[in-house]
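Look at the two complexes coming up: chain A is in both, with chain B in one and chain C in the other.
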Partner chain A sequence: MASGRGLRAAILSLLLLALFVGAWQLATGGGAGAAADVDPEYAKLIGKEAASGGKSAMPSPADVVKKIWNHVVDPFYDRGTNDKGIGIQLAYSIARVLGGYLLAALFAIPLGFLIGMSPLVYRALDPFIQVLKPISPLAWMPLALYTIKDSSTSSVFVIFICSVWPMLINTAFGVASVRKEWLNVARTLEVGPLRKAFTVILPAAAPTIMTGMRISIGIAWLVIVAAEMLVGGTGIGYFVWNEWNNLSIANIITAILLIGLVGMLLDQLLARLARAVTYPE
Partner chain B sequence: MLPREERPLIRAEAIGRTFGGETLTAVFEDVWFDVQRGEFVVLIGHSGCGKTTILNILAGLDAPSAGVVLVDEREIDGPSLDRAVIFQSHALMPWMSVQANVAFAVHSRWPKWPREKVKAHVQKFIDLVGLTGSEKKKPVQLSGGMKQRVGIARALSIEPKMLLMDKPFSALDALTRGTLQDEVLRICQATNQTVFMITHDVDEAILLADRIVLMTNGPRAKIAEIVVNTMPRERTRHDMHKHPHYYRIRNHIIEFLVDRSKAFDQEIATRGYDPKHPPLVSPGLAEPVLAASQPISIAALRAGGGDQIPSRRQG
Partner chain C sequence: MSSFDNPFDPKVTLGRTGCACGQHESQERHDAEVVELQRQRQLQLQTVAASEEARCGRAVEGAVVRALFPRESTRRRFLHAVGAGTALAAIEHFFPLGKARDAFAETKGKIEKTDLKVGFIPITCATPIIMAHPMGFYRKHGLNVEVVKTAGWAVIRDKSLAKEYDAAHMLSPMPLAISLGVGSNAIPWTMAAVENINGQAITLAMKHKDKRDPKQWKGFKFAVPFDYSMHNYLLRYYVAEAGLDPDKDIQIRAVPPPEMVANLRAENLDGFLGPDPMNQRAVFDGVGFIHILSKDIWEGHPCCAFTASKGFAAEMPNTFAALLKAIIDATAFATKAENRKQIAEAIAPANYLNQPVTVVEQVLTGTFADGLGKVQKVPNRIDFDPFPWQSFAVWILTQMKRWGQIKGDIDYKRVAEEVFLATDAAKLMKEVGMTPPAATYKPFKVMGKAFDPAKPEDYINSFAIKRA
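Entry: the complex of A and B
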């Protein structure tokens, strides 16, 4: 029964995809007839290709597939600053995201522990968190560029600042809501504070912490594209912006697809980790 | 002065506990009792009389607002490995296996023990509570009774001077409860373990206790009487009710819980009361005068039919 439903869902998914690709094919394939009406002066001014619209800048599905195939067979070529393989660009982005994300985890989890364990620290830090949390991470960019003076490190910083909040808040919440009876067990067994933190509080709060980490990786992957568009140089965000300047829509679509795929993989990875630390009660 | 072995292990002296901010309410006040070495003492009373609070104070998880509790002549300051607690809700760590839950306690007690020694010690207590074969299971895979067995194994494994049990069987079904009571009785008698337990269950109290402390209703609860269980220690759940003392003790306690626990203040207004030495009674030895002078109420009979005293559930 369940597998039957799974099969039907898969068929429906494929149908929807076919419908979408078909509509796309129709929309991009039908623009050839308008060439005759263009004013020659205008055509001279903006270039024949663009004015005639004979070949639309919007690629057909087949063009995109061809482009994707080109990228798949040679993802890591490097022909100078503005022409690197999409694999290299993705690797740059992933490295920046993981760098900023891990720094954020190193900072947020211990601090979240402190906030969760001490109502005093919670109250003292709460106003800062409330003000800092809603700031768009990109708003930090100029400040980061000015103080750090390195565009790549600045985007790592932006990733750090955007992924820190969900982890911080979830860790604090998870630690603060550890069941009192488990803490009482630790107390009656005279368990020291460090051992208590690692053997009772951390495992008890781990599912909540992992939820925060999963939210964070999603936000970080969203932000890196925008950050790299701003700072330029390398990365998938820069790639998208560069291909926009080249008006290579097929490349942009390829990049969009890949951004989605990598984002999904990162999310799945964190979901798997979350499942590993979840305990049934 | 008595030699150390004959002095009580635990002595509560004039303890009281108040809760609340501006309008302070004393849950109980001026409570005195003791627990001798090797003795099984059960505290019984209605919800809200501060039973759990008293147990938490003995455990060191809570502190009295007034008075002191002495263990081996030393005032309690915080929890200790000498006093193991069996919690009502078993309080097992759900991410640890049965083995790891017990090992957590053993390692806390003897941090320097090598892994093998800890493992052997843990196994001994898992076997003792009859959980051999379930070592690798997680608490979620166990029934309520098995979970509480792990809780008992964990408490016994640190070889404490005294066991504190907080309504340990109240979350279990009647059948499991009976089996577990028998096993606790067997283990405690075999090891001469000192135990302090709180319960709602009259039969459980009579089966397990050497002395039963009766508490009046809160707020401002006090110890009304201490009932000596005059039945022989070699009793079982199976044949306990055949002993002539059984119904006398049982009727005495039920009557207290149904009627006297509410109106204890009026009762002592006429005959006086010394909180430091609450009356020690042995209703098993003779027909109690109070019970004979008045018919037992319907409520008492009804309460006598079941195991649980009709009362509000405690949060």
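Entry: the complex of A and C
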């Protein structure tokens, strides 16, 4: 029964995709009809659509598929500082995200632990966290560029600052809401504080911490694209900006699809990890 | 064809009418041909600077051989007897020809740092900075320069201030603004050479085809690349001459060049005074038309600048001189109309401007479609003259004051002379075979109105519309 529903869902997904692509093809396919009578010398100097009196059009699905294929067969080319393959660009972005993210985890999880264990620290730090949390990470960018004086480190910093809050809050929350009975059992058994932290609190809080980490990676991946569009240089965000500069919509659509795909993979990875640490109550 | 046909089947025709240029049956074939052509051009280009170098080398060899064999007949007999190759080897054996060649190429002093980073914005104003890379002008002067595309003027300023770039492409008012501390911390900055003169335009959206008189532009939304740009001052000047107050009657926004065409297309803008190739790109995409070239506002106005911090110029004088010489050398090459097509092909690829070659070519050659169905021929639509006239700086300062960007008294002459390095540029221009002007100030006309660099305050006071 369940597999039957899965199959039907897959068929429905495919149908929706076909419908979307079909509508796209219809919307972009027509229109290139009678060319207006323009001077051939003039027509040579302007784009195909402009020559027939219109504006340059959205690319059709076929154009995009072709672009994607071009990128897929040669993802790692390097034709100079400003023209690298999409695979290299993605690798730069992923490296930056992982760098900032791991730093954030190293910082947020121990700190969240402390905050969660002590209600006093929790209350004292709460106002700072509440103010800092809603700041758009990109708002940090000018400040980061100004103080760090290195654009690549600045983008890692921005990833750090955006992924630190969900992890911090979730860790603190997870640690604070460990069941009282378990802590009491630990106390009656006279377990040392370090052992209590690692064998009782950490496993109990792990699912909540993992949820925070999963939220963080999603945000980090959202932010890196914007940060790289702002700073330029390398990365998938730079690729989007560079192709925007060229008004190459087909390339931008390719990049959008890839960004979605990589984001999904990162999320799935964290979901796997989260499943590994959950426990039945 | 339908979208379900196999796009990898060579027999299937993709797209509506083949490739983008219409001369190939498929986009793939078109792309393949373009790539092949680019590769060939690349090879040819690299030889441009190299052949110059070879000529210098031959001059050195000639001098040595002449010294060894003062009599022409002896030289010929010697060469006949042993052959040119053996002769060269023999001479090289006791005379370090290679060293002599190098010594000749290296004009003076050792270069302190050969690996440099230079930032640029992908517009045709950066032509000398960009072309010096694929065409080998940096290499010719002993430098290994990485040219880095940058997202916007604020970013290029911050990266330069952070010393991530050794030198950078900026708008010519920017080094003045940075030195004065307007819009950033005051850091002594220098403008070593003018990148280009002219080369900008006012582009209007297609729907304003009939509103060619600026008096009809009340309520229009315009874009300029940056607050401290010639574009901003020229647009303000142009509309103010037509009686419109640029702060009240129209809206001027700072929009990065790449976003200008997209915004014009989305009808967020009525027009822009922007750098090329964006004007030509708007025409290419059927989004706008070229209302007026900036050269018709001020013939020979400076636009972008090659700049570096004063610290860099002082700490590494030889590197700075070599870099500036490479830029001036490239600029000299770009002044010649017959080289422009070749340059367009060198700077159009994705690594540099990332624009269709035909768009860049129209900008550089001045034979262009104006968006209204006519082909115009304006050879000096964009031109190149590296000399940083200090009177340009004074004019820019008057406009900064006129529109309230700077307040109070300014020592025009002192600022102009500290930032615009006319003496260095003049010396290096001579070394690459150009003739620099003797003076560093000259009067000029903007829209028919004379500007006297000796009387900047009178000039500001002569305008009816001003903020000062």
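Criterion: the second predicted complex is superposed on the first by the 258 of 281 C-alpha atoms of A that agree within 3 Å, B and C clash if a C-alpha of one lies under 4 Å from a C-alpha of the other, contacts with A are read in each partner's own complex, and residues count from 1 in each chain.
Just so it is clear, a contact is a pair of C-beta atoms (placed from the backbone, for glycine too) under 8 Å apart; a residue touches a chain by one contact, two chains touch by 3 or more.
Remember, it's a predicted structure, so these values are computed and weren't measured experimentally.
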| item | value |
| --- | --- |
| Contacts of A:Ser151 with chain B and chain C, given as first, second, both or neither | second |
| Contacts of A:Val200 with chain B and chain C, given as first, second, both or neither | first |
| Winner by number of chain A residues touched, once chain B and chain C are compared | C |
| First (chain B), second (chain C), both or neither touched by A:Gly260 | neither |
| Partner chain in contact with A:Pro119 - chain B first, chain C second, else both or neither | neither |
| Touched partner set for A:Glu181, first chain B, second chain C, both or neither | first |
| Touching partner for A:Glu190 - first (chain B), second (chain C), both, neither | first |
| Residue ranges of chain A in contact with chain C within the complex | 21-22, 25, 29, 32, 38-39, 41-42, 44-50, 53-56, 60-63, 65-66, 69-70, 79-83, 142, 145-146, 149-151, 229-233, 238, 241-247 |
| Touching residues on chain A, where the partner in the complex is chain B | 179, 181-182, 184-185, 187-191, 199-200, 203-204, 206, 277, 279-281 |
| Complex interface listing, chain B residues touching chain A | 59-61, 78-81, 83-85, 87, 89, 91, 93-96, 104-105, 108-109, 138, 140, 158 |
| Chain C - residues contacting chain A, complex | 1-3, 5, 7-8, 14-17, 20, 22, 27-28, 31, 122, 146-151, 155, 158-159, 161-164, 258-259, 261-262, 265, 281, 283-287, 349-352, 354-356, 358, 362, 367-369, 371, 373-375 |
